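Some structures to go through are shown next.
Below are two complexes that have subunit A in common, paired first with subunit B and then with subunit C.
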Partner chain A sequence: MTDFEWPWEYTFPPFFTLQPHEETRQQQLKVWSDLFLKYLKHSNKFTLNINEQDLPLFHNESLKRRLPPEFVLTILEHLQRSGHAAPLDKRRQEWQVYWYTLDEYGNMVYEWVQETGQVNSVCTIYEIAKGENTTQCQFHGVDEAVLVNALRLLEEKGKCELIELDDSHGVKFF
Partner chain B sequence: MNRFAYVEARLHENETFVSRDRNVKIYDGDQKTEFEEGEIVLTTHRLFWGRPGEIARAAITLCLPLSYVISLSEETASSNFFGRKTRIIMHLRPPLPDKAPGPLESSRATHIKLSGKNGMSVEFHSALRETINARIWEISLVSETIINGANTGTTSPMSDSNDRLARIQKRTGIGGIERSIEAKARETDENIALAFQDLSVLMAMAKDMVGLSKTISNKIREQKGEISDDETVRFKSYLLSLGIDDPVTRDNFSSNTAYFNSLAQQICEMLLDPIEEHGGMMSLADVYCRVNRARGLELLSPEDLLHACEQLNGPIRLRSFPSGARVLQLESHDDALIAVDTLEKVQAAESLAVEELAKQLGISLLLAKERLLVAERLGKVCRDESVEGLRFYANLLLQRAMD
Partner chain C sequence: MRRRVGLGAIQQQKLAAEKYKDKGTDLQESQLEQMTKQMEVFRVKLEEFAMKHKEDIRKNSQFRKQFQEMCAAIGVDPLATGKGFWSVLGMGDFYYELGVQVVEACLAANHKTGGLMELDELRRRLIAARGQSAVHQEITNEDILMAAKKLSIFGNGFVVHKLGKGKYIVQSIPGELSMEETNILTAASNTEQGFVTQKQLMRDLGWTEYRSKQSLDKVLGEGLCWIDMQANDEPSYWFPSLFPGRTAQNSTG
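Moving on to the complex of A and B:
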């Protein structure tokens, strides 16, 4: 894994303080949201715990600045509004973060299904997320829980149906 | 009259001045004496009579220990064909055998009278009565006899009973307590009176002081060209920044509005230059100090000052920051200007803490913080809050995003 390329803001101390000035704050949140998604994609993570203090994302050691948990929550809520994150527990400590929105994931999977002519056939979740056939796709390596959520959304649109298989899922596309 | 002795007019230890009166003459019994038109001074222990000025010089004067006094009474006599005057009559004990020589060696009268052209003043009379009642001389005399008795070791029944009597008188019972309280109260009274005497002298001198400072400032103004020394220049500016010739006071106005309006005008006139020097802003606390220093004795209350400042509508305005801080600000000095100016300072230093900016500009912390907050509100700077404290940086977050 190559080193992550931090944006210039990461070495700018005020970046770690939530700015009271409205316009500045929006810009700041935007940069942080992008950084969150890029970083998680880079480290191939789909969940974040607010209290993971030593994560380089939350802690710039050379600058001696930390991202306070409240600020992390603000950023995650910002991500939630754009459909890139959802809390996993009621206390909003554990979050699922999507590199793409669930909608985007659903569409990507459906396009792949159509291209490979698998409409009306059944696939396993593992096949879609980790299978050899999808290595070229954007959604390859996606967290299975995230994929299930994306497919549930697709199911609501009537494009597929989820099937319970033991402790895993299967999916049939229409 | 034969109870008087010639004594130097100096206070003993423990003895304090009580009261005085002028133009006093002494009667031996009902007989007039040669001791007329003199000054009389009452102390806690004795009564002095001397020719004018003698007592002040501590010369040899007539002196009557108050321990001779049995009681006081008064009589009234006609004065200058009209009105009445009061004479004090002092009934006295027989003279002690070891009395120092006095003006009259023998007299049949057992009382003396004090009188003057217009009688004795009421103040002196009441002071005399209270002093006699307090019997302060007894306290010190008694302590002396106790010490003497102990030293000589006399055991005669006479001095023994005297001792006991003295001790009883000194501190026994409610009477003793009352006596000491009374003495303390009188002492406090005197101290207060003295203190206020000083104050009234100060008030009387204040006009002269103001005049003096004015002449000094005038002199300095005249010599303007020749002064080069730094401190002289600073002193000059201090003096010039001081002093209002004719402070606006409430007495001159019938209505509050008129008062506050002209007060506001005066404040505006006197603060225009100082505020400009301070970078366009001055906190109300500074304003209060400056205005009152300039007014000298006609001090303003904080409320009056605030009301007057609210009336300001000239080149200076009262401004309240969201933090609650209130300042006087030049009208020409708007936020955009402050923000740009502050941004320049921050950029020059890369980052600035509140106290650093305050130091750089020579303004108070409060004002420095408000300046930074103004710049922040306009998006010119952004903050960095960490364990090291609050610092401000140029707002690169927004600037670079726009570029």
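Moving on to the complex of A and C:
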């Protein structure tokens, strides 16, 4: 893994304290949200537990500053509002984070299906996420659980139908 | 000798006084005439000079600075007059243009700097913004100060604050900075990282605990600084505009 390029804010000590001033806080949350997405994409992660205290994202060791769990939660809720995250458990400890929103994923997959003429045929989830045919696509390598969520959204729009297979899913596009 | 008394003597004295006065007026008039002539010559010479060195003044920052100083010494403000013979210089245009760019650069960075920017950083941004074609038009801090000061006529949305020791900070959000706030900024700019604490204000400025707390809360409430609650002993108040790490990474990345 190549070195991650941190934004300058990561070396700014008060960045790790939620700011009381409204405008400053909005700006701060925006930078953190972008940083979360970039960091997770860089480290190929789709889930976050708010208690992973040793994650460099939550802990700048040289600066001796930590992102407290309640602050992490605030950022994740901010991401949730823009469609980039969803809690996986009721206690909101474990989160699924989307580099792209589910909508964007759905559209990307559907475009790929149309371009490659696979409308009315059945694909497996594995094929879409990890298959050889999608290596050039931006959604390649997507977490399968995330992909299923995106396809469910597409299903609601009547553009595909999910089919239960033994322990996985297949999908038929219309 | 008998003292001169009586009507005759009074009249004589009066006459003498009048003669002195006449002579004085004469002298004054001739002096004024001379001065006017000199000024006229000077004006023509200055105009000639300005015409001759127009390009130099526009392009050479050192030259421009000296020309500014000269104008200031004789009480002429080349910026105040867009019309008249000064317009041949295009000096006004130079500063108007710079002024607009100053506003643009500051507003573009407002969300990051909280509306405060150090003069040196502003200069770097301006030079970057002016691009390749203007390479020969070098601008100095004095030029920026000159342009920025002119912007204050638009109200208090744009003010230059002096932080002592040749340090300036440009404020590009509406609102007056009080003496307290200016003092806090000065204190912060004297630290390496650009932050202050309550104890530091009490020690360096001799303020009471209450006054320090009040002022810091005000600065924080106006969004000029960020608070850090994870410092060792007490909260610290940081100014992004004074934080060196911000520009250090910008220039490398």
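Just so we're on the same page, the second predicted complex is superposed on the first by the 174 of 174 C-alpha atoms of A that agree within 3 Å, B and C clash if a C-alpha of one lies under 4 Å from a C-alpha of the other, contacts with A are read in each partner's own complex, and residues count from 1 in each chain.
Throughout what follows, a residue touches a chain if its C-beta (ideal position, glycine included) is under 8 Å from a C-beta of that chain, and two chains touch if they have at least 3 such contacts.
Given the structure is predicted, the values throughout are model-derived calculations rather than measurements.
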### Task
Look at where subunit B and subunit C land on subunit A after superposing the complexes, then choose clash or fit.
clash
### Task
Could you say whether A:65 touches subunit B, subunit C, both of them, or neither, answering first, second, both or neither?
both
### Message
With both complexes overlaid on chain A, does A:96 touch subunit B (first), subunit C (second), both or neither?
### Response
neither
### Partner chain in contact with A:134 - subunit B first, subunit C second, else both or neither
neither
### Query
Between subunit B (first) and subunit C (second), which does A:33 come into contact with in this model arrangement: first, second, both, or neither?
neither
### Task
Examine A:20 and indicate which partner it touches, taking first as subunit B and second as subunit C; both and neither are also allowed.
both
### Message
By the touch definition at the top of the document, which applies to A:11: first (subunit B), second (subunit C), both, or neither?
### Response
second
### Summary
Contacts of subunit A common to subunit B and subunit C in the A-superposed view 8, 12-17, 19-21, 23-24, 27-28, 64-65
### Task
Please give the residue numbers of subunit A that touch subunit C in the complex, ascending.
5, 7-8, 11-17, 19-24, 27-28, 64-66
### subunit C residues touching subunit A - in the complex, by the definition given at the top
111-112, 114, 195, 220-223, 226-231, 236, 238, 240, 243, 245-246, 248-250, 253
### Message
For the complex, give me every residue of subunit A touching subunit B.
### Response
8-9, 12-17, 19-21, 23-24, 27-28, 31, 64-65
## Note on the structure
Counting only contacts in the complex, subunit B reaches subunit A at residues 351, 376-377, 379, 382-386, 391-393, 395-398, 400-401
